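In what follows, chain A forms one complex with chain B and a second complex with chain C.
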Partner chain A sequence: MTELEAGRARALVPVSSGAALQRYRDVLIAVIAFAVLASLPLFTGSKALLDFVIRCSAYGLFATSLNLLVGYTGLTSFGHGMFFGLGAYGFGLIMQKLGVPIPVAFVATLAITAVIAAIIGAICVRLKEIYFAFVTLAFQMLIHSTILSWASFTGGDQGLRGGIPRPTFLGINLANHIHLYVASCALLILGLLAMRQIAQSPFGYTLRMIRDNAARASFLGIDVWRAKLTVFVLAALFAAMGGMVMALFVSGAYPEFAYWTISGEAIFINMLGGVSTFLGPMVGTVLLLLLNDTVTRFTEYHGIVLGVVILFFALGLRKGLLDFVAEWFARRRKTGEGR
Partner chain B sequence: MDLDALAGCLSSSACLVTQTTSGLIIGMLLFLVAVGLTLIFGVLKVVNFSHGAFYMFGAYFAMAAYQLTGSFALAMLAGAAGTAILGLIFERVFMSRVYGADVLMQLLVCYAFVLIFDDVVRIIWGPEFKSMGMPSAFQVMPLFIAGGVVPPYYLLLIGVALVAAIVLGAGLSRTRIGKVIRAAAHNPGMVSALGINTGLIYGGVFALGGMLAGLAGALAAPVRSLTPGMGFSVLIESFIVTVIGGMGSILGALIGALLLGLIRSFGSLGFPLFTEGLMYLFMVIVLVSKPTGLFGKEAA
Partner chain C sequence: MTRTRTPGISRRSTLALMGAGAMTFAAPWVARAQAKTIKIGMPTILSGRVAQLGTSSRNAVMLEVEKVNAAGGLAGRQIEMVVRDSKGQPQEAARVARELVNTDGCELLLDGEASSGSFAVHEVARDLGVLCIHTCSEASSLTADPKQHIPNAFRCVRQGIHDSIVGGSYAAAISKAKGLKKWATCSPDYAYGRDTTGEFTLYLKRFAPDVEIISESWPKLFQPDYTEVVTKILQAKPQALYSCLWGGDLTSYIDQANIYAMFGQMEVFAVNMADYTALTVVKNLPKGIHSGNRYIKTFPTTPENAAWGDAYKAKYNEYPTNWSWQNATAVMFLAEAAKKANSADGKKLAEVLKGLTIKCPFGADGTVTMRGDDHTLVGYAIGWGTTIPQEPYVPEVKAGDWKTIFELEAEWKKSKGYT
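And then the complex of A and B:
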């Protein structure tokens, strides 16, 4: 962790040219990644594989947005899933009740999420550590209970059924599986790129400073409360994006999307992949979904297998997979230099 | 929402008594689970996310012992002793490895065991709902107090929980072991330097916490149905209790648990679908107005 941070700090020194260069590099990687993902249907007709990527998009956006809070700002939210659920329900309800074009519903859902996240965040972010975790969890369960009890509007415990209408917009027909796949990949890549920009911006470094020493940040004239609130709302927006991809994929929304276990899963994904690298949560997402899919195919007792794997990560590696790999490389490079 | 039902109940003494006792037993069971949680947090500074599993094991152990021996007392003993041993092993073998680590790491170890324990129960006792059945000693006429119905078993349950609360409170504040435990919570390094085995204290406190949860599970077994996931909702509710009452406070856990039990029993009349929502709303209100909980000390 410390080695990594030292490495990062060294790379930071030529800020002006280095930052621009890094941005070009990030955009280039994003374009290549999108090209690879989008051309996948040309090589394989496997619907299962494409479905897997769509699910990875939904969970990946969600988990990476949580890492903005947990890894970058040190805010351990136990209730991040509420925004995943809000995204899914907001999008589904707007499409069902208003019948507007998909982009309008998309933006409207983000706007609603931003307002709700700002209200909840304003209350939560002034609390410290474990209390922040608990109060976010309480808000999540409050939203979950509201969804369950407001059955006439949300469908209650049956979920939002009847399908989400997908009118064609500019030739994009999300009822078509390939179109939906490409759109999900685009949202994933754009979302990741945007979050990467946030993480590498001066604001992103302000967040790291708040994580490491909030008192010092405050002495340097940073409004810690405002910075935390800003990142809370930003993270909520990307989580809602993930929720919307999920709603489109399952063509509905279910109360489980807002249940606290989904927050638990996101935290678990983060730990699995690692929180000190940007792509750690993405790696964790792929790992968890793969693990879930394969294990459930072989045994009905997948809890035991999953539990043992978690124990291996928590007690064996003691860190996420990508963190482990990154540190291993850092150590190797160091011994190489020493020789 | 059904405010008429709530108002109707509040004006009738029979309904008032019935709802209050049902609130009290919910609260007392919650207290036993939550006080273990708060004790473990207070001394070990660990949020035991797998605490619900001990409640579940307590219930299953009790059921197994009852079916084997037919003795209610032995069933309670099996529930409490079995989970105490389980807690000791769990703490010494696994939890003690992650004390210095990140909070998230500790959570992850507990989460892993929630998954494993649930499956273990599923393998041993099967995935379907089980029930232990009311022991014959308590299959007698219910008591009528002011027109309300009170099963005698409820009185036993409330009594056992109250005794546990008093013994625990007095033990921690009056006895030598209690003093050592409080000292270890305050400054483990100093306690260890004075020649006291802190590892033993940690293991003991964890075993005690697990035993209380197991006792709650064993007491609940005759009145609730048993399923592999039963620890989950209890865990969440006892979290709410400890947060409302203040982490590390025994009195707080008692008051918090009773408040929550009453909210649940009366809330289910007035807001049948939003009962859970009421609890979370209450938790939000307490946390926002006093983040350390009603009886919590100011955070260091």
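And then the complex of A and C:
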């Protein structure tokens, strides 16, 4: 071991205890965030605000799960929306056809998504860059076409009709707007916390190493294919959670949930919020939904406004909003230290 | 101590005067509160490929709302429309509908959504209990399926099953007269295309049992190139062709099929042809295409219908669409229901709307009815005719018989397990 390496090894010791501290800090932040969100109905009677948070939960889980692939592993999936759709349809169909309790349908949907994601992932993660992107897109179109064609089962292009039954479980009645709101917040916070743990775990750092140099990771003894497949399945599970929240919000599932445009929206959210910070996609979600909701109130030419915003982020900032803010703070701190 | 009454205004008089003053100043407020505007929310498709239909829906609604407002409003309350774009996405339609009610304070909803969007708005109406009139979705199951039934939702739209029954019987009569036994179909590959084609051929075969379908083509929705479909049909050499392509797909198809002179080789039945959006866009509209009426100002052949079509054209410089007349009818229903109920309250309006018959320029006999048992529109003008390349485009339309429609619709509902 060279002197330099020895120095680095010593520096690692406080890092590991720091990681434990950070984990507690994350849990604390999650608890506070949940408490703040869950107490919101006590201060405001605005149903629109609660609706907004429910939609943020659905899209936030979905977009952050895509960031596990794009930002942390370097796998740009164009077909991630298929798992959002699978979550919505799986949950809706199980509730409509089997009438099981909601937690059972929730777990069953995750199990089905995991199996399908493992099969699709096993084929896709062998491929690199644009090939990976396009094969995931192809699978998404396959699932979308299946939903459209299998009309007797999925309702075809008219979607799952007749509403999703929501029997009360453990005193939670998801037909009640406030209960649905609190449950969505809980799923969002739990989902984000779980994804944060994944990102900060040794596995998360393995993913970063694969993103930066897959060949090097492979030489260091890491099974790159297995790691990529694992994160692909994990990301699919969180996307499916987002889909389930959306299905509960609209009380149905529609083919648009599995269409390529929904994957495009998630990529756009990541571009808006930034991919190098964990909460970037969440910030992007809030930004996109706010923009969408505000602009569509005033004009039907919302496409032009959103286009200009994309151009501003792509050409002006050249990164997502949170990336920009984080870098600005880092620069400021450096200048402060230099003084 | 003795109390002496001081001269001047007594306390009682002062109080009375203050009361009277307060009443005088408050009267306009009270009156305004009673006559305050009623907001009606309308999610519809104002961007993307079918934006033209959404815009024509909004136009028709505004045309009628102006009339209602000029006549004193909805039970004395002026209507204020809040129209928002849903981009044709069901999750947006649901979001917009909820926002219209929860944030904008809309008391009624006109749902200008097609297909899946209408089912999403239907769930919002189920959840919020607000009165909702669907004005664009032709999917029969929206009102025929008892699982969909809610007391506060109505549908003021033509229906796929009605069109199929009338189209089937019309086509069968021509089949028999001209000996058309070999048929081909060409319809868009999604639920509407497959369902409508299935129902049309079902009734065609019922009225003309010796008809045989020898070729089926299912081009994708919004497909740009129809060459392979046209050549497939030409190779099969059918005597007649049925299609429920619509809008831009239908006009592209006709333009491309014209190159192969297809329309001279077979009788063509295109249910969605007789709509100005298609009729005025096709480069060389072939003579003799059979079509169901969508909206055409010459059918029903009444001065009221012609006047309505002309008024729309004068205001917006384009002809109305099929969605236009349906949306206009919905506003007419609301106005009449408010008169009957003497209220603009959603629940009271819903009670009155059930089974309500109103005078309407688009009625087969000058009236249309909101059928009570399934909350859907019946009695509207429905028929088939053949095209000519210039106005009036479809000079003669053979009207469908509502008695037959009701009989066969009841059978169809039974076969689907709806009754």
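As a convention for this text, the second predicted complex is superposed on the first by the 325 of 339 C-alpha atoms of A that agree within 3 Å, B and C clash if a C-alpha of one lies under 4 Å from a C-alpha of the other, contacts with A are read in each partner's own complex, and residues count from 1 in each chain.
Throughout what follows, a residue touches a chain if its C-beta (ideal position, glycine included) is under 8 Å from a C-beta of that chain, and two chains touch if they have at least 3 such contacts.
Because the structure is predicted, anything quoted here is derived from the model rather than measured.
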Exercise for review: For A:Phe169, decide between first (touching chain B), second (touching chain C), both and neither.
Suggested key: neither
Check your understanding: Of the partners chain B and chain C, which touch A:Met271 in the superposed model: first, second, both, neither?
Key -> first
Practice item. Name the contact category of A:Met141: first (chain B only), second (chain C only), both, or neither. Key: first
Check your understanding: Does chain B (first) or chain C (second) touch A:Gly303, or do both, or does neither?
Key -> both
Review point. Is A:Trp328 contacted by the first partner chain B, the second partner chain C, both or neither?
Key: neither
Check your understanding: If you stack the two complexes on chain A, which partner ends up touching A:Gly159: first (chain B), second (chain C), both, or neither?
Key -> second
Exercise for review: Could you say whether A:Leu127 touches chain B, chain C, both of them, or neither, answering first, second, both or neither?
Suggested key: first
Review point. Touching A:Ala314 in the superposition: chain B (first), chain C (second), both, neither?
Key: first
Review point. More chain A residues touched by chain B or by chain C?
Key: B
Review point. Can A:Val250 be said to touch chain B (first), chain C (second), both, or neither?
Key: second
Practice item. Please identify the positions on chain A that touch both chain B and chain C, taking each partner from its own complex. Key: 148, 151, 156, 301-303
**Study point:** chain A-facing residues of chain B, complex
**Key:** 47, 94, 97-98, 101, 103-105, 107-109, 111-116, 118-120, 122-123, 236, 239-240, 243, 247, 271, 273-274, 276-277, 280-281, 283-284, 287-288, 291-292, 299
Revision key, fill the gap. The residues of chain A that touch chain C in their complex are 46-48, 51, 55, 148, 151, 155-159, 161-163, 246, 249-252, 254-257, 293, 296-297, 300-303
Review point. What does chain A use to touch chain B in their complex?
Key: 70, 76, 123, 127-131, 134-135, 137-139, 141-142, 145-146, 148-149, 151, 156, 260, 264, 267-268, 270-271, 275, 301-304, 306-308, 310-311, 313-315, 318
**Study point:** Footprint of chain A on chain C - complex, ascending
**Key:** 46-47, 51, 84-85, 87, 89-92, 94-96, 98-99, 102-103, 115-116, 119-120, 122-123, 126-127, 139, 141, 145, 147-148, 190-192, 194
